[in-house]
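The following pair of complexes shares a single chain, subunit A, combined with subunit B in the former and subunit C in the latter.
Moving on, here comes the complex of A and B:
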């Protein structure tokens, strides 16, 4: 009896019902906290002994203070450790993705290797850091093995965690191990999404594997590489568990492995809310910029679906 | 035929690199498993590749240590991760269905908004979050750790993509004709179809909550409320060298092994699920 139009209008309000829980919880547990975080960042508000000082409005003093004191240092720590892990991660992942998808290399046990290299991603970062700490400690198994092999003299262990390079390298190593499997699998999917006819044509034209990799594979998976870079950067900014546990929250030696989130965590634990707010807002601004970049990187892919041309279009575009 | 030789060499190189990487990934865990079966003194003496016979003793020692309440840690971790996985998958399906199936005014806005916040780390709002939890007098309870997973943008995006590929709207319309109301259609027709996606995302949400350290450490203060990562962190701040090493390795094993077992059993789905969802961490 009713025409189609009337029907679809009467259903539309259900959309709001279904998305309501998400937005309610988001508003309460993320949006409201964000607003109060920004609010506190403009106040002097900290605990001294058992007393709370403030809140007293101080304008942008907190921001000036974090920039004058420690934040630039912690930011460079974070960047150094992130880059030291990310470069090997992306290089190894690209090579592995190229190998796994190369039909001329007949690699057996691909599934086994994929399962093994992805495993560290699921391991509890704090337990992994604790394990690495135990293994690389002065009297730990790694030094023991090196002594048995005669690489170092007994009684003179390599003190990994007392040197800046040692600690940062261990953090980078762990980040590398936790993420290269994930990146490999993502890149493999991207390479397999490339039209096989392109590879066949290139082979017929006599391209070698290097040319195919640099001229065909790499340019075509560039959007995913950008996406990987940005999401990894956001992940890097969040670096916390590994250096926190490895150095017992001290960022030792001499705070050279303290990351920005560790800095935030220290302020939260000592209940210095003003400073914690300023650090958070700074991180929020960087992440917001990166989020927009991520959004744009797959905007073209998802946007048209919502505006009506659904499913067929997307599948067609991908294949 | 000139092609075959170089690709032979490349195959060998590929195998060597892959075996080295696999060794790197497995070696540390092998040491862990060996050391959790050895006692403190023999661990101190040096590494051995052969397991010892102190597994049970170490386990009993860990259970007996009141400073590391491992059983309550396991229980709390299970509650938080389990409920977070349940909430995240159910409500993400719901949100995704709302945006997928209905054409309402704010639909596009809601979709774009969720995609924009998808990669925003929760740490940046930690201060406001803790103050809010304090105000709600929920500090030192498990609620603030799983209730927020109702709003999980990454899980949402995964569910949405899955619906696009495998939920035909004709099915929903057929249900309407049969007189099923919208909520009923969602719960009894859409959800069963989403099972594979729900399984994959439940695993990922479970694991990431199981491993989460930052937020629980800020929310939970009393020993018997704490989750496993906090107990492990506490181990590090205790005087480490005086600590029974067998116990240390045993505790790490307890935190890691359940996830490894889940992973080995479901590795096929997990590995293929990585690419479907797109974003992680």
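Moving on, here comes the complex of A and C:
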């Protein structure tokens, strides 16, 4: 008895030793920067040439400034581009997940398709954006093809990246292509987690595909749909690399593709730590609120065990 | 006429009447508004291909297939950019002439790292690379670049045997030597690059028809304050 007790204590001590590196790294690289970010967001602190100005305490001036400036506009840009990518993403993913998991359809080469639809996610976002930039440039292949097909007159290319709709849809298209495979696989896991007896019973009762999908599949994967929505929203709020590379960091045209992180990056580029801090804190608060929402939506689920597992699996699915 | 919006920009921006920034106020020069006016006019009449500097279409316009009348370039533009863009088919087809206004574009420098162990060697390397007449002349004869030696450039300019094959045998160094002294560097300031880029970027939307004049002006103001937090206001002519 005593022997056992001694052992368990020493295990616990080793446990702390093993988790110590994580907390050390977390404290140095995450906690400390987080605190200083919040701290400096109340200061006027930037670099002018080689000189540092500040830090001088200015209270919430930085926050007033970012709202007076264009932050609401950048937020709506971000949301528009996210929604435009998310709606096709969730629709296509749902359809694909339903097809891939339907035992009656017998799709051949399922594994192959799963790999293919996941593929765009493996490419670096910046490389993908460069590719799209080259494809859709004024003298690029897409315009060349359209001209050869006679859809548009030669010498009058469609200037995708100079129009608001063009740029935003390209960003949405890229986000859609990069994430629909991931969402499909997540939803497939959810659908496969449903008791097959339910599907069999429904079939015996004479349900058709549509009825099974809307009456059984959809209600049962609702928690995961909510999860997908929230993680995608957090990912969407942090949208940066795709529009940054696509528009050469300008958020053109007329700043309509400038996202909140690009705005943050503009401030960081000019070493304006105060304003950048204020933008970061604002984003942090929004993301924190969304996390609370997702946490609660999971806790309301009765089956704690499954949700715990899902949560683990899905963490890090979005950057 | 021109390939894109920014091609003629530097002939305007290098001939302004004052520096970009006065105290904490950005003063937009009337000359720059002339550029806006002219470029808008060119764009509306179809005198340019709506390209931007360094993008694919701009490069392609310099190729043998390009239908653009001419390009504004600084001295390095010929050997550094145009030769590659012109390709084999365009080789020998180009010539250079004096532009409507003298201007400069770009600059290169060498910095020694602070606290270096070899200050003497580095000083020597720097002087050799930037101020040694023989080396400068060698650079010019071998890669056609215009280099930092007035007397050396004069010698090459007066050499009847020197000429650029790419320019059909033209002695471009002679032209550069005549024009270079007219360049006015007195209006340069640390804000030039940021202001110029923000200005070109803000008015690109105007030329594209995505914004009106006032929105572009406002976008310029926003971009400037983002880039230079110490600046407080923008004055328009």
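Going forward, the second predicted complex is superposed on the first by the 285 of 319 C-alpha atoms of A that agree within 3 Å, B and C clash if a C-alpha of one lies under 4 Å from a C-alpha of the other, contacts with A are read in each partner's own complex, and residues count from 1 in each chain.
Definition applied: contacts are C-beta pairs under 8 Å (C-beta built on N, C-alpha and C of every residue); 3 or more make two chains touch, one makes a residue touch a chain.
Small disclaimer: the values here were computed from a predicted structure and weren't measured.
Trainee: So in the superposed three-chain picture, is A:270 touching just subunit B, just subunit C, both, or none of them (first/second/both/neither)?
Mentor: second
Trainee: Considering only touches as defined above, state whether A:18 meets subunit B (first), subunit C (second), both or neither.
Mentor: A:18 sits against subunit B, while subunit C stays out of touch.
Trainee: May I ask you to name which of subunit B and subunit C touches more residues of subunit A?
Mentor: Touching more residues of subunit A than the other partner does is B.
Trainee: Counting only touches as set out at the top, which of subunit B and subunit C does A:134 meet: first, second, both, neither?
Mentor: Touch status of A:134: both partners.
Trainee: Which partner does A:292 contact after superposing on A: first (subunit B), second (subunit C), both, neither?
Mentor: A:292 sits against subunit B, while subunit C stays out of touch.
Trainee: Output check: A:252 vs subunit B and subunit C. Expected answer is one of first, second, both, neither. What do you get?
Mentor: Once the two structures are laid over each other on A, A:252 reaches subunit C alone.
Trainee: Just checking: does A:75 make contact with subunit B only, subunit C only, both, or neither of them? Give me first, second, both or neither.
Mentor: neither
Trainee: Report, in rising order, the residues of subunit A that make contact with subunit B in one complex and with subunit C in the other.
Mentor: Common interface on subunit A, subunit B vs subunit C: 134, 137, 139, 269.
Trainee: What part of subunit A is in contact with subunit B in the complex they form?
Mentor: Residues in contact with subunit B: 8, 11-19, 21-23, 25-26, 28-30, 32-37, 40, 92, 95-96, 99, 104-107, 111-120, 122-128, 130-135, 137, 139, 141, 144-145, 147-148, 177, 179-182, 185-186, 188-189, 209, 230-231, 234-235, 237-238, 240-241, 244-245, 248-249, 261, 264-265, 268-269, 273, 276-277, 280-281, 283-284, 287-288, 290-292, 294-295, 298-299, 302, 305-307, 310-311, 314-315.
Trainee: Under the stated contact criterion, what part of subunit A meets subunit C in this complex?
Mentor: 46, 48-49, 53, 69-70, 134, 137-140, 159, 162-164, 250, 252-255, 263, 266-267, 269-270, 272, 275
Trainee: Which residues of subunit B touch subunit A in the complex?
Mentor: Residue list for subunit B touching subunit A: 3, 7, 10-11, 14-15, 17-18, 21-22, 24-26, 28, 31-32, 35, 44, 46-47, 91-92, 94-95, 97-99, 101-108, 110-112, 114-132, 144, 147-148, 150-151, 156, 164-165, 182, 186, 207, 210-211, 213-214, 217-218, 228-229, 232-233, 235-237, 240-241, 245, 248-249, 252, 255-256, 259-260, 263-264, 267-268, 270-271, 274-275, 278-281.
Trainee: Spell out the part of subunit C that touches subunit A in their complex, as residue ranges.
Mentor: Residues 50-51, 55-57, 60, 190, 201, 204-205, 208, 210-211, 215, 219, 222-223, 225-230.
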